[in-house]
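Pasting the structures in now, so scroll down.
The same subunit A turns up in both complexes below, where it pairs with subunit B and then with subunit C.
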Partner chain A sequence: MTETVLESQSLTKYFGKTVAVDHLNLEIPRGCICGFVGRNGAGKTTAIKLMLGLLKPTIGSSKLLGCDSMALTPVIRQRIGYVTEGHRLFRWMSIGRLEKFQRAFFQKQWDERLFADMLEYFGLSKKQKIKHLSNGQRAQVSLALALAPNPELLIMDDPTLGLDAAIRRQFLAGMIELIMREGRTALFSSHILGDVERVSDRIVVIDKGRLRANCTLEQFRNSVKKVKVAFADRAPTEFEIEGLLNCRRSEKELELVLIGTDSNRINEWAKTVGAEKYQIVQMNLEDQFIEYTAPASKGKLFRWEEI
Partner chain B sequence: MFDKIRLIDLMGLWVQISPGSDEPVYVQVAEQISEAIARGELSSGDKLPPVRKLAAELVINPNTVARAYSRLEQAGLVVTKTGSGTYVSDPKLRKADAADFNILTERMDTLITRGLNLGLEQQDLIEMFKTRVEKFTKK
Partner chain C sequence: MRFLAILRKELRECLPWIVLATAVLFVFGYVELFERTIPQNIDYRYRLFSPSNDVYPFDLTKRSLLAGMGQLLLVVSIGLGLAMGIRQFWVDHYAGTWGFTVHRSVNREKILSAKLTAAAIGFVVSIGAIWCLLFLYASKAPNFYVPPAKRIFFEGWVYIVSGLVVYSAAALAGLSTVRWYTTKIFGLAFAAIVLFVMVFQWRLSYAFLALLVGIFVLVVQITQTFLNREF
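Up next is the complex of A and B:
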């Protein structure tokens, strides 16, 4: 099944003169867990709000479940779950009251049993007031509220921000549980690449509002490579290789970060520039992400006094 | 009184995921299962847990588990019977081809080079190798 559940065309948002989301063309297929990553201020929250129709795009458009984001009907909204950044819930309500309030939007599809089971698992009672809960407990209520209507598309904006490892794991387990049901899709933004790697099969990377990658996690893992090249005397200052993203140079060594360059190509290139030897270094997802989104900096962040 | 506890039923407990690792998650899962097969902890005919069950237990994407199983299948370590599940294959039916031998030789060469450069004698290396192999084969 390759049906698209979320798509955008040239989706763009300006705040004054600042562009937050810049011509985003996105397609997310049904049935995946998609990790939505980007550095602080990359435009993730704005992109999510645009897609949910909570902000009006400056230009471009987006569709959720085939329906234009600016014209989502209540019937379509019932099929979408949304968890806001920071888990903002009505503070004066009790958990039970909040459940009643929320389920009114979803009616029959509300899974009362799942909600009750989750509360029990978290050690929460329906009588407790939101304002008396800790951040972690509020997040747990918000997770239960998001999963109870069994949404076809679940969108979570940095749901695990500031949460402890155990509660983060509960969010990940919740997403796994959801997408095991037929035709469910989850998209979540996060800065914790380990979480993204653990549960996602798809990754979307944005940087300064622009789409940088939208592919399977495996493709991303395979395509960002670091190569260390050693030369007998001086490393060349000028050379060409396809897919070159970053290059660090010392007297006898080059360190290249390459995108999508296959190993045979690297091998050929190494011969033509007369490299003595080279090594393709395995990188973890976090290093790949940093290399991919951090501009090659000229200096070091911290300067140490020579002793 | 108790049924014999079988490792195959506890896969959710002994397979460890390290998301920060250089190895993709599906490789981590496949490697740990193939090591258990090599050690004889899982044997021919053992049924691997269903993809969805293992995914829920390990809190990883079901596609990742499926990918790990297909990697094991490509290596001939498991066979998938349609509609029934994935089983550890019969070692008698696995055959190493020339390419497999090449890979083995290459890896051994790397280790031998390392050992000799560390100043180990030939006999030390052979002893070490023997002990390691026994660790896998002794029950």
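Up next is the complex of A and C:
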């Protein structure tokens, strides 16, 4: 049986009357790199803070490494690395001083060599002050600080936000190298889908606080399809097809976004509605994500189903 | 080890304010005492206590050289309290470093106690130590015609503790996430009331008591807010 390192049941958070996270039921197995994606304001940061016990849920609960998030003991926290959004570190400290400060909390766990190696890899010196570092360099220091204690679970809140492409790649490569160690799990939120595609083997999609998908990346890639269907005459206004998420209609063409509908079904359906021809459009993860989280249009043609 | 790491960090962050308070008190205190040792001032004092005038024991204490230091001590102490409260509890909020501070292998009680201990140490080693030195100087210097009474020494400590009330109030306001015109202002308003009550106490012990009760109420609030706050 796969061990779960992170799970939540009906995790909900309201800020006043606004719901930020809405009945989130999530399970993340050990040993995966999980991309936690959603649009701006989807509730990613709030969900992460709830899971880390930094915010209190309005309803529901969550567990990290088998321990309730609201009662995480120092021993459990020691096993969880956390990279905060925006890489907020103590600006007056030098990297060396920050390392010393951080090391005090991870006596035996702290891997001094790893930390030094990472600084070398990123081209940073311990003498540099945090306030003099660029956003990208602070991200690198944050990652080094989070990884040096060898955490079992690494949670990163939009770690590549504001970084240029080269630094992002370097950052992600550093992350993967460390996560590949046996039994490590990483959850990182991002809205840069290219990053998620590059490093994740699992994807969690959240939209308006609600869980939309929690599956392997491969499953997601295979499930979300865009089909262009051409008709000799007018395209039908009413039809039924399994897994219809979204539909755009022009006079002689339908563009369908489907979830979990296999090719045979699409073929059968195309014959049924009298389509002249159809084509399954190749999409990258970003296109799939955009289609998947596009606001649902009103009308009886449009619907969505969970994966 | 973990407590010490946080304590060191807190002390270092408050160091500029601690040094500034120390310097201000030392310089102004020394000038105040030095001014009283120059001949014309000494003559004035001698004339005040000339045989033709009645001198009451109370005058001896009230007109001591250090009596004029009260206002300075109070101002420096309140200033330091405000600065440290803001540095420890407001800056983290605006810099967004609470998450980094709180998510570590140590419980919140320890983080808070390190912050409060740093503040107490800051007050003792800056204002407290300088006040003790100035008092000692005033007691021993040969040119001073009346050595300061012990009461003045304790009065000084009342003013120093007043700064801790203001510190606690600033801390509570910094931790509170509600609006200014609601309970966020509670700590500062309460501190003002406590200081008002303290100033009008005839007995030193009552003044101390008022301050200690004030600090106790504020620290209980701070503890509850810090342990339950969402960061």
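Everything that follows uses one rule, which is that the second predicted complex is superposed on the first by the 294 of 307 C-alpha atoms of A that agree within 3 Å, B and C clash if a C-alpha of one lies under 4 Å from a C-alpha of the other, contacts with A are read in each partner's own complex, and residues count from 1 in each chain.
Just so it is clear, contacts are C-beta pairs under 8 Å (C-beta built on N, C-alpha and C of every residue); 3 or more make two chains touch, one makes a residue touch a chain.
The shown structure was predicted, so the numbers you read here are calculated from the model rather than taken from an experiment.
In this overlay on subunit A, subunit B fits alongside subunit C without clashing.
If you stand at the C-alpha centre of subunit A, subunit B and subunit C are 140 degrees apart, rounded to the nearest 10. In the superposed model, A:M283 lies in contact with subunit B only, and not with subunit C. Applying the stated contact rule after C-alpha superposition, one finds that A:L52 touches subunit C and leaves subunit B untouched.
Once chain A of one complex is fitted onto chain A of the other, the partner contacts of A:A275 are absent, as it touches neither subunit B nor subunit C. In the superposed pair of complexes, A:R198 makes contact with subunit B only, with no contact to subunit C. When the two complexes are overlaid on their common chain A, residue A:V37 makes contact with neither subunit B nor subunit C. Contact with subunit B, but none with subunit C, is seen for A:E177 once the two complexes are overlaid on the shared chain.
Of the two partner chains placed by the overlay, neither subunit B nor subunit C lies in contact with A:L119. With chain A used as the common frame, subunit B approaches subunit C to a shortest CA-CA distance of 28 Å.
No residue of subunit A lies at the contact with subunit B in one complex and also at the contact with subunit C in the other.
For subunit C in complex with subunit A, the residues that touch the partner chain are 1-2, 4-5, 8-9, 12-13, 95-100, 102-107, 228, 230-231.
In the complex of the two chains, the subunit A residues touching subunit C come out as 49, 52, 54-56, 73-75, 77-78, 80, 82, 84-86, 88-92, 100-101, 104-107. Subunit B makes touch with subunit A in their complex at residues 17, 19-26, 52, 55-56, 59-64, 67.
If you check the complex, the residues on subunit A that touch subunit B are 32-33, 169, 172-173, 176-177, 179-180, 193-195, 197-201, 217-218, 221, 282-286.
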